[in-house]
Structures are given as C-alpha cells and as structure tokens.
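Contents: one structure, followed by commentary.
Chain naming follows the written order as A, B, C and D, and within any one chain the residues start at number 1.
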Amino acid sequence: MSAEERAFQARIDDGIRIEPKDWMPEAYRKTLIRQISQHAHSEIVGQLPEGNWVTRAPTLKRKSILLAKIQDEAGHGLYLYSAAETLGVSRDELLQALHSGKAKYSSIFNYPTLSWADMGAIGWLVDGSAIINQIPLCRCSYGPYSRAMIRVCKEESFHARQGYDIMLALCNGTAEQKAMAQDALNRWWWPSLMMFGPSDANSVNSAQSTQWRIKLFSNDELRQRMVDQTVPQAEFLGLTIPDPDLKWNAERGHYDFGEIDWAEFHAVLQGNGPCNRERLRTRVKAWDDGQWFRDALVAHAEKHATDKAAA
Amino acid sequence: MSAEERAFQARIDDGIRIEPKDWMPEAYRKTLIRQISQHAHSEIVGQLPEGNWVTRAPTLKRKSILLAKIQDEAGHGLYLYSAAETLGVSRDELLQALHSGKAKYSSIFNYPTLSWADMGAIGWLVDGSAIINQIPLCRCSYGPYSRAMIRVCKEESFHARQGYDIMLALCNGTAEQKAMAQDALNRWWWPSLMMFGPSDANSVNSAQSTQWRIKLFSNDELRQRMVDQTVPQAEFLGLTIPDPDLKWNAERGHYDFGEIDWAEFHAVLQGNGPCNRERLRTRVKAWDDGQWFRDALVAHAEKHATDKAAA
Amino acid sequence: MDAKVQYLLRLGDNALVLSQRLSELCGKGPALEEDMALTNVALDLLGQARLWLTHAGELEGRGRDEDALAYLRDAHDFHNVLLVEQPNGNYAHTLVRQFYFDAWHYFQVGALAQSADVRIAEIAAKSLKEITYHLRRSGDLVVRLGDGTALSHEYTQTAADELWMYTGEAFQYDAIDEQMAAAGIAPPAATLRAQWLAHVGDIFAEATLAMPSPDAWMQKGGKTGRHSEHLGYLLAEMQFLQRAYPGAAW
Amino acid sequence: MDAKVQYLLRLGDNALVLSQRLSELCGKGPALEEDMALTNVALDLLGQARLWLTHAGELEGRGRDEDALAYLRDAHDFHNVLLVEQPNGNYAHTLVRQFYFDAWHYFQVGALAQSADVRIAEIAAKSLKEITYHLRRSGDLVVRLGDGTALSHEYTQTAADELWMYTGEAFQYDAIDEQMAAAGIAPPAATLRAQWLAHVGDIFAEATLAMPSPDAWMQKGGKTGRHSEHLGYLLAEMQFLQRAYPGAAW
C-alpha cells in the first residue's frame, strides 16, 4: 500500500469524509461511479413503472401524490448524477452507458406494474428496501454521495409511508381491493428481497467496499432487516407474505425466511425480466427523440453567447 | 359532335351499357374516373371513423357486426378501384391522388365519431344517404360501375338497417343512451344532407353527367328523398331532427327543411373539417409504413417468377 | 345547469385534461430537467383542477366531489377546449400546446383573480403564481427552440401551425362565457384575445417563428362537449378504476 | 374455479384479445387486401371467442354470458397468453405474432376437435376451418416477407426474435392444462410443442429466416392472470362503455 493509500484509508477509518478534490484510489473512484450511477439510473428508470399508473390513478389526490413522487425520483436522479459528476464523469457519459446496456439499474424495475396496488407495494416494499439500503450510506465515506443520500432518504421515507397508505386503503376496502393488494404483495415480495443483492457467500467485492465504507452492512444483514420490519406491517394489513417458510425465530430474534429463487434473480439481471427490453427502449427512445431538443438548447445558448461577445 | 360521339350518345340514350373496350369520349372517361375513385376513396377513408369505435363496441355482437361492416367497406373499395381500373388508370395512381390531396373523398368522413351512437347514426344517415345516391347508379351507363353499384347497394342496405338497429336499441335504452342517440343525430343530420352536394342551382357539370347517364337525379331531388325517408324513422325512434324549419308540406307532398350551412360545407371541403388532417394522415401513414411490405411481396413474386423461368 | 358551474367545469376540465396529457410523459421527457418540469406542471394543473372542480361540485349542490366530476362524466360532459386534449405529438407539439395554453391561462386567470366572485378570485390568485412560472418556462422554450437549430425551428413552426386552429375556441364566447363576463367574473373576450395575440406575437418574433393568421379557420366545440376523437380514449384510460370498481374508496 | 371453465376462458381470451389487437388496425393496413384480411381474421377470432366464452359461462353456471366475461373482468382475471396482448408494432410484428399464434392455435384446436368433450369438439371443428385459412395466410406471408427484400427480411427476423420469448408459455402446462390433457381434451404439451416447432421450422426455412432457439428463456404468466403492462390499457379501452353505463342494453 502506498503512503497515499494509507493516508486515504486512515481518513476513512477516522470517519473523515472524502471530498472531490481529495486524492483517492482509482478503484474507489470507479466503484463509486458505478454504484452512484447505478442508483441514479434506477431513479430514472424507476419513473416508468409508476408512470404506468399515473394516468390511471383512482382519485385525483392519489394521482397528485404519485406525480409528486415521480417528480422526486427525477430529482434524486439529478442529485445522484451530480454526485457522480464530482468524480470526473459526465451525466451524458453515464446515460450513454445506461442506454448501451453497459450500466445497470435496479432489476426490480424490470417487473411490470399490473394493478393500482402495485403503486402501494412499490412504495411500501421497494422504497422500503431502498431506504434500508440507503440509510447506512448517509454515513458513507464519500461526502457528495453521503449528502445526496441524506436528501434522498428523507423523501424516500415519505414515499414508503404513502405506499403503505395505499395498501392500507385497499386492505380496508372491498374484497376485490384486498385481493389486489395481496396479489401485489405476492408479486413484489421476492423481487424486493432480491434488491439487496446476492447472498453474502456469493457477493463479490464486498470486503473492499466495506473497508472503504461505501458498503456498511452485508446484503444478508440488510435483507434480514427488511424482513423483520415488513412482516408485522403485512400482519397489520391482514396480508399473507408469500413464503411458507417464513417464521419467527425466537432464538435468533429474527424471522427465518425461505430460499430466494436466485435463478430468477440472475435471469432478470441478464435481461430476461418481463420488462427489461421495454424499460430500456423507452428510455433510449426518449433520449433519441429528444436529441433535436437538446441540440437546439445548446445552439441557442451558443448563438446568444456569440451575440453578447459581439456586442 | 363527331360521328363517334353521336353513336356513343345514341347507345346511352337507348339504355345500352358502355363497356371498357367501347369507344368513349375522353371527358366521359375522366368524369367517371373522378367519380368512381372518389367513391372508392370514401369507402377506404370511411373505415376510419368506424374503426375508431370498433375497439370500444359495447357488446361482442355489435363489435362483430361493425367489423363485418368495415370489412365490406374495404371490399367496396376494391370493386370500385377495379371498376376505375377498367378506364385505364391504376389503383396506385388513384391512391397517389388521394394521398397528395388531389382527389377527394366524401367530406362526411371528416367529422369525428364521438360516441357509440355515431355508429348508429352513420349507418342510418350516412349509409342511408349513400344508398339514395347509389341506387340510381345501378342503372348508370358505364357497365363496370353499374355492376359494382349493384353489389355495393345490396350490402349498404344491410349497413343502414344495422345502423338503425343501433339507434333503436339506444332509444329503447336508458335516458343517457337516448341522449347519446339524440346527440349523434344532432351532429350527423346536416352533414348527411350535405352529402348530396351543392344545391342544383350551384352544381357544375350536372347537365353533361345527366346526359351521359352517370348522374340520374339532381342533388336536390335526392336530398329531398333522404329527408322524406328519414323523418318518419326519426319519429319512430322518438328523436328530434335538429331543424326548426322542418315541416310536412302537404301541397308538395314532401317535407320542407331549413337552409343548409353551405359555409360549413365549403370549409370542410377545403380541409377545415374537424378531422380532415387526421384522416388523410392516417391513410398516408398506413401507406408509407406499408411500403416495405408491398415491396417485399413484389420482390418475392419476381424472385420466384425467375426461379420458375430458370427451372 | 347554472352558468357559473358550467364555467367552473370549463376551468377545471382544461387543467385536468392537460395535466393528464402531461402525465403520460412521466419519465419520457427529452432531458431530466424536462422530466421534472413536465411532472411539475402536471402537478400544478392537477391541483388547480381539483380546486375548480371541488368548487363546481359545491355550487352545483348535487353532491359531486372532485372525483365524481373527474371520473364519472363521459366525454360529452367534459367542457375543456380542444387544444388541451390534443395528443402530445413530438416534444415541439407538447411545448407549443403548452405555450398556447399557458398564455391564454395566464391572462384569463389573471383577470379571474380580480373578479367579483371571492372564491373564484381566491383560487385564481393561488393558481396565478404557478401559471406565471408555466408561461415563463414555455415561452422561453419556444424562443430557444424557434431560434435554435434549423431542425428545431422547423419542428416548432410546424407545431405552431398545426395547433393554431385549436386556439380560437377560447375567445369565441358563448352564452355562458358572456354571462360570466357580464357578471364581472370572466374577462371580455376581445381583451383576452388581444392580450393573447400580443404575447404570442412577441414570443414568436423573438423565436423567429412566423405567426399564423389570427383570422385562420378555427375549430370549436370542446367547451360545449363536442370534442375530438382523442378525448374518449384519454377518459377510458383515466377513469378505468373508478368505473371498474364503482363505489370503492382508494 | 372448475378446470374446464378455466381452460375455456383461456381459449376464449386468446381469441378475444388477439381479435381486439387486430381490430385496432381497421383501415390502417399496408394494402387494401391486408385491410380486408386483418378484419376478416379479427372477425373469425371474435366469433370463436364468443363461442368459447359463452360455453365457459354456461358451464360456470353463475349467469355470466359472453359480454359479462369479456367486459366485466379486470386484467388479472384474463387468461390469455402474453403473446396475443403484445402491441401491433410494425406490420412484421403483427404478422409474426399472428403466425406464431396461428400455428399453435391450429394444432391445439385441431386436437380439441378430436376431443372427448362433445361441445368442445364441436366448437373446435367449426373454428378449425377458419384457423386453417389463418395459418395458411400468415405462414405464406412470413415466407414472402422473409424471402422478399433485404429490408423485409430484417424486419421479419427482428419481429421473429423479439416475439419468440412469448411463445413458450403455450407449452408450459400447469395443473389446469394437465387436467384437460388427462381428460382427453387438450393435446399433450410435448406433442403440441413438437408440432409447432416443426411447422415454424419449415416455414422459417422456406422464409430464409433463422429460427430462435427453442431453449431460449420464455416469459410466462398470462394463463394465470399475470400479464404484461399492455393488457390493462387494452381492457380500459375495450370495456369502457360497459363499465361507464352499467346494466345498459346495447
């Protein structure tokens, strides 16, 4: 380890934030760019499954809440791209990587939203899992990322509560509505657990990220936290979690739960989810269709910069 | 008048049909091409306002009847283009003229279909008017046109009856359904009367067409026939024709009716109807999008003609 | 139906339908900033729609709340102008539609904020802040696109020309509008039209766009429930859940 | 729900949803002959859907007729395969979707026509004549497009590749399908799949198209009510009038 690297690690160990102007190992920079941009892409792509129901929201109030949520997500995308940009990469480069399929976004958005209850389940389970993932990152070693996470987490917790509120309304509603809620839970439960990534045993690069404090808990720890937090909420809703192996383990003080279908996880990751193709195409189409628009803004700005220079 | 022209007119006067191989004046040919192709185009464009409700038909039976009707219209288009082709013009040339805006189609299809009742009103009033226009043409001087008209009229009379049947169901239905039927009548009444064209006083070229027996009654005569036929039907439905001047004239033995808004007629004819742009664009887009498809069929046929020749 | 209720429904339906059109674009804008702005405008308009519709329902006194009005009327009972129901088209269409609407909305709601009717003036004043921002944004974008590249100029000019025929309806006052004008609520049509034409003219000049003729043929019908074929589809989608699960609470 | 009723709903929903997709194209085909053929196929499938749904409703014994089943179920109660609800795309997609479906439909309904259940055999026999024509037509067009121009080859190959993942579901039998097979009604999955693969293979060979791998990842869910996002929109449009005017007769 070089002196620079030792000093860098010592700062991290002392809980001092790394800032953009500070020296950092190239691998740290790259890992962060990958992690932050993947998160940013997830916010952007994540607008689509919800956008799918915004035009069909069942009341104007719910529509309004959902629109505000989607707007927040675009905002999160913005801060996160900005955080990534502090690491010396441009937003356009990151988007290029998304559009070419090189960069990933959270696989959960490759599942379809099939009923209004999915707007509840996404808020409750998906945003719920996201928060569990992200709260520790508010204390991560890279300053701009940590500050972005603080802002994101604050809004995400609203979203999770709003999602739960949708579920509550459905579960207090008609039998059909309750069935809708149960169906949504059935479909989103496992993918939400998969959001934490592979089991620790199969997780690559975790040790280094942990040492750098850009990963603060293991995938399995966070997943357990999600299960422990969610089971009582489901009980309160009167819904059944679709896992016959789910059971309170008094000894561990945690819920035991069944084996995740990792074959499905990998299939979706490899592009075989129900909506991978459509999600990416929708984004690429939006980008391509918008080329003339973005070009025009640049051309206009340049023209008027020239005007001023000439004046 | 040349000897040929005199012989031609004599045949017509004797009620002998003109056939494609017969000599005919160039103006007769041109007038017929214009008239037949305009009719063909109307069948084709006329699929669109009905296609607009086929996906929303309220019962499977009604959907089935509507689909069959639209299929008939495409079929009418086919025979009419074939009839026009006997006059030495190709279907592609005729479509070209439609797409460039040079050729016309019936202006009535530039009105939107805004409710299911419009499917009733179109059958009842628009097909009703079309039949009144077309029945005399079954006896017109040009053989292929007259034979096409016989076939078309037979099917159109079904369509008109089916349209009336939709109106009847609505008028026997709930208050909302009856209001829908009345609204449709309000919107389609005047455009249906306009289908017969300008008043005789302002109609150009009528005399020549009459002499050639490709126009057998004046616009106003046919329009009167439509009014006389339709008023009792509306009464039976319990609907009010949107014309305060409508009144039985015992002396004439006909209904008197109000003045048509010719300014609207001309506006729509000149392209300012509610749907002119969309109708034409839809057709042009279908055609342009289908270029590769048509090209492929030609290429395949040529390849295999070559195969056979080579074998 | 009471003229004021009808007039409020026109206001509410314009905002509601345009908001719905914009919300179709969630996550599909040409740039992230546009995604945010579009969603934001959709949200503002939806908020305004809710205020107008709620007030309309109260005045009507038949127990219809914002949701009953939004979700349980068929197309012929919607009173929005044709402009707002036009499809999003390419982004130039989306923006020009927005600009035409915002300019009208700004002057209309600006006048309503001064109106004799307290509740209407209140809602208008609240909305006007948002609308002022909308108009600034859409006008600014029209300028930048009109005076951007040759392509953006062409797209914007085409959109301006194609949507023009839907702009006249707002100024063709019928008995209801006239009654509202006479009551000191709505601004006079001629004033509104002059303001709108002047503003659009200024922006188009700056944008190097040719302004279509104010005397061009104009489509109409939306205010009285004669819509284009587009509205039925928009409503079928928007109203699905309320229609499919009648009486459910969400 | 009774397995036979469920199976009949699958048959009916497949025909109904594909018919609905085709009917979106009325008057928008690439040639007049295609307009006629598309409408004709839509009409045939609709007729078949009506027979299957009516029979399902009778067997179910809850008083649901064809319209109650078509118009008053939400997406999660529809049992069609994902293939038929896919959007029309370009015309190559429309045709390849049709060909994949027709080939399966032909062998499936052919087997049903020989089945132990008299009423099912009757409906199947009646439908089979139409389906035979459908398959001849769509197979023939796939050949002509595949072996047409370079462009048509490319479009057709792309459509073939993109829709491939929706073809496996038909052969993945679940408990209901197995029960029907055991009862001598449905053909065994393996037979059906072999017939389908052989026929598609022959046509693709003639069309000079590359056949995607039979072992490729396949999407599923439609038969048990887990659809794509497309179906909800299709139903919102299709069901609008029945939903908006409950109880009305048309």
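One rule holds in what follows: a residue touches a chain if its C-beta (ideal position, glycine included) is under 8 Å from a C-beta of that chain, and two chains touch if they have at least 3 such contacts.
Protein identities per chain, from UniProt: C, D = Phenylacetate-CoA oxygenase subunit PaaC.
Just so it is clear, the structure is predicted and the values come from calculations on it, not from any experiment.
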Intersection of contact partners for chain B and chain D: C
Taking each chain's C-alpha mean as its centre, the one farthest from chain B: A
Distance between chain centroids, defined by C-alpha means - chain A, chain C (Å): 35
Between chain B and chain A, distance of the C-alpha-averaged centres to the nearest whole Å: 57
Chain B, residues touching no fewer than two other chains: 56
In chain D, residues with contacts to at least two other chains: 74, 232, 236-237, 240
Pairwise touch network: line, ring, star, complete, or other: other
Pairs of chains, among all present, that meet the touch criterion: A-C, A-D, B-C, B-D, C-D
Parts of chain C lying in touch with chain D, wherever the complex brings them together: 74, 232-233, 235-237, 239-240, 243-244, 246
Touching residues (chain side chain D, partner chain A) in the complex: 74-76, 162, 165, 217, 219, 221, 226-229, 232, 236
Footprint of chain D on chain A - complex, ascending: 52, 56, 112-115, 180, 183, 187, 267, 272, 274-275, 277-278
Chain A contact footprint on chain C (complex, rising order): 16, 20, 23-24, 26-36, 39-40, 42-43, 46-47, 49-50, 53, 66-67, 70-71, 90-92, 143-145, 147-149, 151-152, 155, 237-238, 240-242, 245, 248-250
Sites on chain B touched by chain D in the complex: 44-45, 47-48, 50-51, 54-64, 67-68, 70-71, 74-75, 77-78, 81, 91, 116, 166, 169-170, 172-174, 176-177, 282-283, 285-287, 289-297, 299-301, 303
